[in-house]
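Each of the two complexes below includes subunit A, the first together with subunit B, the second together with subunit C.
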Partner chain A sequence: MEQTTKLPESVKYDLTFAREIYSLENGSYIKQCMQCGMCAISCATRDIMDYSPRRLFNLIKLGKKDEVLKSNTFWYCTSCCTCKARCPRGIPLVDVMHDLKRYAIKNGYVDYPQAAFCKAFWAEVAGRGKVFEGGVTARFYLIRGLDEVLKAMEMKDIGINMLKRGRLPMFPPKKIKGMGNLKKIIRKAQEIQRKEEAR
Partner chain B sequence: MKYSFYPGCSMEATAQANLVSIKAVASALDLQLEEIHDWNCCGATVASGVVGDFTQQVMTGRNLAIAEPKGQDVVVGCSSCYLSLAVTNKRFREDEHFRALANEALAEGGYKYNGTLRVRQFLEVVINDVGFEKIAKKVKRPLKGLKVAGYVGCQTVRAIPYEFDDPEYPVLMDRLTEALGATATPFPMKARCCGSSNAIADTKIVLDSALKIFESASQGGAQLMVTPCPMCQLNLDAYQQLVNKVHGTSYNMPILFFTQLMAIAFDLPPDAWALKYNIVPPGAALASFGVG
Partner chain C sequence: MEKKIAVYICTGCGIGDALDIDALSKVASKEFKANICKTDAFLCGKSGIDLIKQDIDGEGVNTVVVAGCSSRVNTDVFNFGPDKIVERVNLREQVIWCHPGEDEDTQMLAEDYLRMSLAKLKNLNLPEPFIGENLSSTVLVVGGGFTGLTAALESARAGYKTVLVEKEAELGGYVGKMYKQVPMKPPFTDLEENSIPALIKAVEDAGVKVYTSAVIAKTAGGPGMFDVTINQNGTDVEERVGSIVLATGAKPYEPEKLGHLGFGQYKNVITQLMFEEMVAAGKMDANKVAFIQCAGSRDQEHLPYCSAACCIESIKQALYVKEKNPEANVYVYYKDIRSNGQYEHFYKKAQQAGVIFIKGDITDISESDGQLTIEADDHTMGTKSVADEFDLVVLANGMVPTAALGETVEEAPAEDEAAAASDEPKVTVAPIIKSNLLNLEYRQGPELPALKYGFPDSHYICFPYETRRTGIYAAGVVRAPMDMLSAAEDATGAALKAIQCIESTLKGEAVHPRSGDMSFPEFNMNRCTQCKRCTEECPFGAINEDEKANPLPNPTRCRRCGTCMGACPERIISFKNYSVPMIGNMVKAIEVPEEADEKPRILIFACENDAIPALDMAGINRLQYNPWVRIIPVRCLGSLNLVWINDAMAKGFDGVLLMGCKHGDDYQCHFMKGSELAEIRLSKISETLNRLGLESERVRATTVNIMDYDKIPAMLDEFAAELEEFGPNPMKDFQ
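== the complex of A and B ==
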């Protein structure tokens, strides 16, 4: 018999991507999500996210790699922890968002300025053991380029005010004494982390 | 009482007022803060986005490992540092597998952390180890009539929910404000996010978040706001002018660290108030108390 009504196109699950995300440090928690939406109504930046955390988790389960990694959701997460405190399934959403940021950076999805900020921040930690706020800002603009610098000119009053009030030291703090040790610790931690995620 | 003290990076730069006033208030309350030797950055809520939670927590664990031999509670002044240190500490204490792996990494630098310490916010230490009664007795300049909005921010009470206050509607900072003689005003947004580190990456997020917070605080009739968090203080203070410009508002709300207000109420020397670092001048709100 000929079919008269056209059935909706079937959803194609790509489990390779989902499994890869589940293998991240906090990734397996995503499987516990029951789509209740508590995170979505709790989120301070939900209004400007393209997918709420709930929808993002669903896209991960569906294996929608590109949609997930191009979304602004995890970059706009401010780590305010409201969702984490409220999730009825105890999913540490904030920590999952950290994993997604790292995964996105590793795979070259770095269009959002927040990615540049994360990288700038980390460069400070890795180089000195302490973060110099002026250094984070400078590195951020180096990564983002001239357009962003011009935008920043609109905010020069803020910088001037902070300078006037003694809140922008010109020189970075000294490197920590144990910088050599810290580097070794970080290298080893990265190695262990990779091993754990490959298990 | 003696504590190991973790200041955090911002106290050496944008949040010097926090450091100055915490030290002064601690000394007035006989709390001895011994800075953790050669401490390193905790990674805030940013580093893990590049290197992962495990690596960040190991790095944070170095500070705890250095502090452990003294056996003193670790006191933290910054909300983001508190989040990082408290969550890391909890994992060292409760997750054996994590502890073993983290110590394997720490051993590369000659460290080991057994998870024996407690990590605490300075706000919580003041409230629980000193207490409202003793604080009230220290007040030499009662701030009677001053209407204060207690902006707790997000991470202080939600790093580890119910650790010392309600994560949805915290009350302890308001009670502290009242112990100083001031009036805590109604402030539904008191634990709402300020936009955090987006100030540089995506300023609009901070401007919009701050607007909601200013609205909420003003509707309650506040003359100034107090906060425990360096990021909240910076965002609300330094970006206030831009909020007004972008949103057509005219807020003129001084943002103080709660320890600055304590230093004023205790009548400590003006240096301890650290008001020279404040961008929105608190003079108008505090003039009737002889501060300006």
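== the complex of A and C ==
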């Protein structure tokens, strides 16, 4: 398979970035990767990724911050869990990918549309307790900026057809009952996550 | 012993339906005048056994011929005590299961097999065991390192007097110098305290007689009667021992040869052992350390093999650094991490501790201000990599077995220069390296023959520990590269084999692979021409020479393969129950139809260890094969005497096929060289055949592995087809 991205000619090892990644919730699992490549051959979207998960992990080990965070690998992860089920070292790759997505957004690596979608989706769920497609779309384009909105106008016919056939609700649904409890759940989960990271 | 022969034909398992049992009985009772001939429908059942036992008690039968299943099954059922001869005729696996029933050819085959067995009895006697004089039950362990101590402890605890000889002034060996040792128990993740002090104490408590600062000056005799001269600080002590465990271990590969990795050039490039001693002395304060694996191992210019233990040892040493300072940077450059078995957990533990593993080849090491820079090709990323500021670089410099240290004993140049110069195939001789470990008084050389790279192994799949010298068992890293867990297992296994050898020798039995065989070769010295073939060809060095150059057999060293019997041109060597005339009679007993009958005959000599099981398996799987074949099992193809081929050709057989084990570098022969010797002898018979006006291609050898059973029908058909082209053997008409 052709490697889509060029690697640096020569690498030097800088462990600062690696240590930062290892401190993420599931980051320390990366250390036990033995480069067998089972994840790479299991991955359904490997063909369109810059680096296979195995290579991404190695780049983390090498401390290649820019290469890692600018890569599309974790954005193309569909969370199918095949790699996670097959990893002989028991690395929960899907969870590691989620951590990397969050880490990339936090550090301003948001060029991929998936990053915007991730943010929009999360804002929608956290604010309403359920997803409203119109809301997600609106938020997505707001995040992506005016250029993207103009481009999106080319798809207006599809949107109108979907509206006509009732495939896209016109008005936002009601918030779920017990929104307060959901917030509590989310807060609790975030608390656990922070604890894991501090571990 | 006057033989009273009783023949029992089993009609069970379909034999009765497929064959004419009455005709078969007539062969026994009319042709061979057997005293008793009976049939039973279920001979291995209670009634069948009772039938035989009644005749043994009532009629005084002492020779039982069981015509039924293969001699590989029901051995315990058809055992009537050590004073009764039991001969088995394989009518099931090799007749009715692989040939059509109620068929003329099948019937002829069955009758021939019965004739062969009955003819065999003429020269077959009960073996009388050879019991040596003044046999010893002491186990000698050579080498007082981890393996030697473990072996000595195991044998002493099993109740055998044990003697331990160590070259150094202190016991402990290589492991004794270690700061800590690799995990030996679940969960296989934690460093363990060095076990040597406790092991030394246990050995002393178990009553092992220890000689330190001692070497073996001479080892004479054989199993049960090794006379060992131990030289301790210049004085000689004699010990008589029953068997020997060789656990002299290995030496680190000379780091001076690793200049390309900076050893000798930069003072901070050190070896694993130097690092170990540095840590043990508390002098290790490096915070950035690189370990370079396969420094000299798996390298055609240095050690071509994997030293097996270095990966785990480096992981352990990396953890020393992390133990002292968890923030320290540790890099391991490797080709492949070979942390076999449970040590995978140990590898994972090191990864979790933050040790960085880089798969790559070192391209350059340089130094500035005492700090080292390593350049490498990173194989997982396909790039070059540079890492600097290393305080220390540790080379995992592999190990060389102590048995490989010394000069190779050169074979004396052949007396007949012309013979040596010709293209005649020669037997490959296993190299013997004069390593000064055992100093054996064996005709064939002073040490154990090496299998590969100087390791004195013999057959690592079927018989680990077993060297090519009966009663001497190699264990630990002198036998093969291995980690500590394997060395402990090896030590125990070798101690057990040493004990087995002592017990078998006391009973006059072969140790292995023909365990329990009481026969041994007897020499009719009157006719010996001192040609030395037996002494040269014995794969186990069992035959020395006396002052007059006569063969001097050491029966306790013998493994009963019969290679000497096959080698002897005068045919003076025979076993009580296995001899040249015995097989010759079998060949002669086979009825070869006249040319007009158009029934060719092919004689097969098949090795009992692999070819016979394969033939049986072909039967078990109901594979049908050529009915012209007549199979004679031999102990080893090495026991093949060329006179049998003459007999067969004179008898009118159209072809002879030898089925033996694979030979060469990865041989599978249980007796090392049997099939190879047979092929070499065969190459010399072509002249004789040509003189008889026969094509030498009528006789050929083939190798059969036990898993080749499915190829046997094709193999036989092919040979039969080729023979057909030559036409029938012209000797048929001279009968």
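Simple rule for what comes next: the second predicted complex is superposed on the first by the 178 of 199 C-alpha atoms of A that agree within 3 Å, B and C clash if a C-alpha of one lies under 4 Å from a C-alpha of the other, contacts with A are read in each partner's own complex, and residues count from 1 in each chain.
Rule of thumb we're sticking to: a residue touches a chain if its C-beta (ideal position, glycine included) is under 8 Å from a C-beta of that chain, and two chains touch if they have at least 3 such contacts.
Note that this is a predicted model, so its numbers are computed, not measured.
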| item | value |
| --- | --- |
| Touched partner set for A:Val94, first subunit B, second subunit C, both or neither | first |
| Partner chain(s) touched by A:Ile192 [first = subunit B, second = subunit C, both, neither] | first |
| Of subunit C and subunit B, partner touching more subunit A residues | B |
| Which superposed partner A:Gln114 touches (first subunit B, second subunit C, both, neither) | first |
| First, second, both or neither for A:Ile143, with subunit B first and subunit C second | neither |
| Contacts of A:Leu15 with subunit B and subunit C, given as first, second, both or neither | second |
| Subunit B versus subunit C as contact partner of A:Ile176, first or second or both or neither | first |
| Touching partner for A:Lys31 - first (subunit B), second (subunit C), both, neither | second |
| Contacts on subunit A seen with subunit B and repeated with subunit C across the two complexes | none |
| Touching residues (chain side subunit B, partner subunit A) in the complex | 9-10, 12-16, 38-41, 43-55, 58-59, 62, 83, 101-102, 104-111, 154-155, 158-159, 161, 167-168, 192-193, 195-198, 200-203, 205, 209, 234, 238-239, 241-242, 276-279 |
| In the complex with subunit C, residue positions of subunit A that touch it | 3, 7-13, 15, 28, 31-35, 54-55, 58-59, 61-62, 89 |
| Interface residues, subunit C side, partner subunit A - complex | 329, 331, 337, 347-348, 351-352, 354, 356-357, 359, 378, 380-388 |
| Complex contacts: residues of subunit A adjacent to subunit B | 24-26, 44-45, 48, 76, 78-82, 84-85, 94-95, 98-99, 101-102, 105, 112-114, 116-119, 121-122, 124-125, 129-134, 136-137, 140, 155, 157-158, 161-162, 165-169, 173, 176-178, 181-182, 184-190, 192-193, 196 |
